[in-house]
Amino acid sequence: MEIIKNVRQKMPLVHCITNYVTVNDVANIVLACGASPIMSDDKKDVEDITSICNGLCINIGTLNARTIKSMFIAGKKAQSLNHVLVLDPVGAGASRLRTRTAVKLMKKIHFDVIRGNISEIKTLAGKSGMTKGVDADSSDEVNEKNLEATVEWLKDFSRKTGSIIAVTGKIDFVTDGQKCFVIRNGDALMKSITGTGCQLSALLTAFVCAGKENSLEAAAMAVCVMGLAGEIAKTHLAEYEGNATYAKRIIDAVNNMTDEELEDGAKYEVR
Amino acid sequence: MEIIKNVRQKMPLVHCITNYVTVNDVANIVLACGASPIMSDDKKDVEDITSICNGLCINIGTLNARTIKSMFIAGKKAQSLNHVLVLDPVGAGASRLRTRTAVKLMKKIHFDVIRGNISEIKTLAGKSGMTKGVDADSSDEVNEKNLEATVEWLKDFSRKTGSIIAVTGKIDFVTDGQKCFVIRNGDALMKSITGTGCQLSALLTAFVCAGKENSLEAAAMAVCVMGLAGEIAKTHLAEYEGNATYAKRIIDAVNNMTDEELEDGAKYEVR
Amino acid sequence: MEIIKNVRQKMPLVHCITNYVTVNDVANIVLACGASPIMSDDKKDVEDITSICNGLCINIGTLNARTIKSMFIAGKKAQSLNHVLVLDPVGAGASRLRTRTAVKLMKKIHFDVIRGNISEIKTLAGKSGMTKGVDADSSDEVNEKNLEATVEWLKDFSRKTGSIIAVTGKIDFVTDGQKCFVIRNGDALMKSITGTGCQLSALLTAFVCAGKENSLEAAAMAVCVMGLAGEIAKTHLAEYEGNATYAKRIIDAVNNMTDEELEDGAKYEVR
């Protein structure tokens, strides 16, 4: 497995239209894995910028009327160029604007991957997810009991959309409609920092750009990298350090990660 | 005293319309104390988002025509729902737009708490504060000599506005017009990082959301937590570390803080 | 040499119209060197804000129709007040909007310093730079072979624009058309974090504000400080730390830097 090495050799350029809350960490995690980020969200800028990139990651975390337009313009251009397209529907289910925007983006643009928490993905699949702000609601939580059923409706949703669906939480899922990676990496402390989801969506875009011939595995390995980085970062945390330092160390861990570490540390099964 | 435990149990959702300079630290400090942040500033998004939250923190640090509208829309909605409302008038006194916007927000919306530096609060109280950019001017500095007089006019301003007034600086003040907490936590190094004020305003919103029955104490304890976190973070700073690492360690310290630590470390008197 | 001491004594206020990707690090590095940052980008706010400042740093990293207007308004006001003006043409060459905006800003406003990577500066000098997103293209790389020629066209471009031109990369150049500082500080790891360029532009604005009587040396020393901070930060990096922690430690190193360290560590020649 030379997934990470491959990203570092190909150094894909990733255009991010993303929220201003987590944008700095998003840029640094893209750099950490060996790719390059470019942020641009003006309607007159996005076509040129996305044209020189390999992939586009659209994150609706702090969407507004101006940037929504740019998302459609950039998305259509990226699609016409056969670039990798990833959607992060932050807060779908929490407001009508977010839900509507995500749904409309999915209608007008074909995404290679859609990544969200379970409540956001439930919302988009028409299963009335109980998004609690930008976090999944505990009533939507996936556990060992409903795991099999979750895998099934995610596969179904993936077939309907033609997109790889990635759901992250205590247990992560990445499916292309046929196979589903069920991933058990990560650490509970990751919930106490902002932006691990946003970061993962951009990281995943870079991985899929570099591994287009096997998008499902590339996306699943990006999810493993993020979770494993959370585990590694935890081991280096001093007693007096907390969530803010932890956030930086997760990016550090991605920066230092090798394919050997990934192979040893990735905890997944394919269903 | 179970102030922090209370926040961690209630896990309030805090809607922040805030500046893009310090937004990531604001999100992480809200998470650090056990609450959840949501950032949203589009006029079509803010009503839905604020409706699912417990409180709204409006910070005018990088205000613009578009987001000013959203502040009023969100503020009115939050008020109609009896949510906790906090205003951080960043840079009031430094520009006419900032002063006007803060004054108009205070007219149209009732804030539970208004938190600023001494120059910003002087400006809003019509006492011609000498805001030096986003920092208080040294000519406005509160010292032992003018402390008593400061407490008096702050109480007066609190009674006039019906808002708890929180002023932070070398000495901090939190008053509801009757009682005034005079707080002496904090470290001089906090002045060398951006965003401690913004972070405190959001932290304070979370504390008041969780402790509505005693807003004054909740607000005052949030101020103590921030200052104490600055003191604790300082003790762990290596010789080669400086303001940027310090900024993260302050959030870490909030993340690790217990009510026992707060009780031992809070340095205040009530006047 | 008392360059840093001078900044810390004069504590200049720097108005930044800058991108939201790196804005927090920009604010903290300005504070780290002893100056104060203010971010403001609304057309109705920027004139008041820039008036109370000593310098203005315009960074087009996430430009949009709204903020482009503000850049011109702020720039003209700052110029009329004889303030220090610095341009960071992020991504010039990567999109027509960026190139056009940078060129137009240079036409309408006189900048004391223009700082970019070699591809951005080549683009502005009409030499068809091959900007790879927001990074310089490897085909534009300066090495020992083309160094002399590079110094010559940079001097020429500086004379034509009347601006100090600062180009950063493996080797850095700072020229006023007569003299050119060729600087060899820095560490390769700096390429793996976002925003060192943006941070340097703001740091440089602070240095020139404090050292207007010798702008060239002030600008060159800011470049040395940034590179040296990158070297110092590297020496303190634990094996498990990576690019994200490194980013903070660079700012820390600026915060702790003394003129003695700078004098010992600055590696430059004047051509």
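Chains: A, B and C, in written order; residue numbering restarts at 1 for each.
One rule holds in what follows: a residue touches a chain if its C-beta (ideal position, glycine included) is under 8 Å from a C-beta of that chain, and two chains touch if they have at least 3 such contacts.
Model, not experiment: these values are computed from the prediction.
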*If each chain is a dot and touching chains are joined, what shape do you get: line, ring, star, complete or other?*
complete
*If you fit chain B onto chain C using the CA atoms, what's the rotation angle, as a multiple of 5 degrees?*
120
*Same or different for chain A and chain C, when you check if over half of the residue numbers at their contact belong to both copies?*
different
*Would you mind pulling out the distance in Å between where the CA atoms of chain A average out and where those of chain C do?*
32
*Could you tell me which residues belong to chain A and also touch two or more other chains?*
20, 24-25, 66, 247-248
_chain B partner contacts - residues on chain A that touch it in the complex_ = 19-22, 24-25, 61-66, 91, 94-98, 132-135, 192-195, 238-245, 247-248
*Quick one: in the complex, what on chain C touches chain B?*
13, 20, 23-25, 27-29, 31-32, 36-45, 48-49, 52-53, 66, 232, 236, 247-256
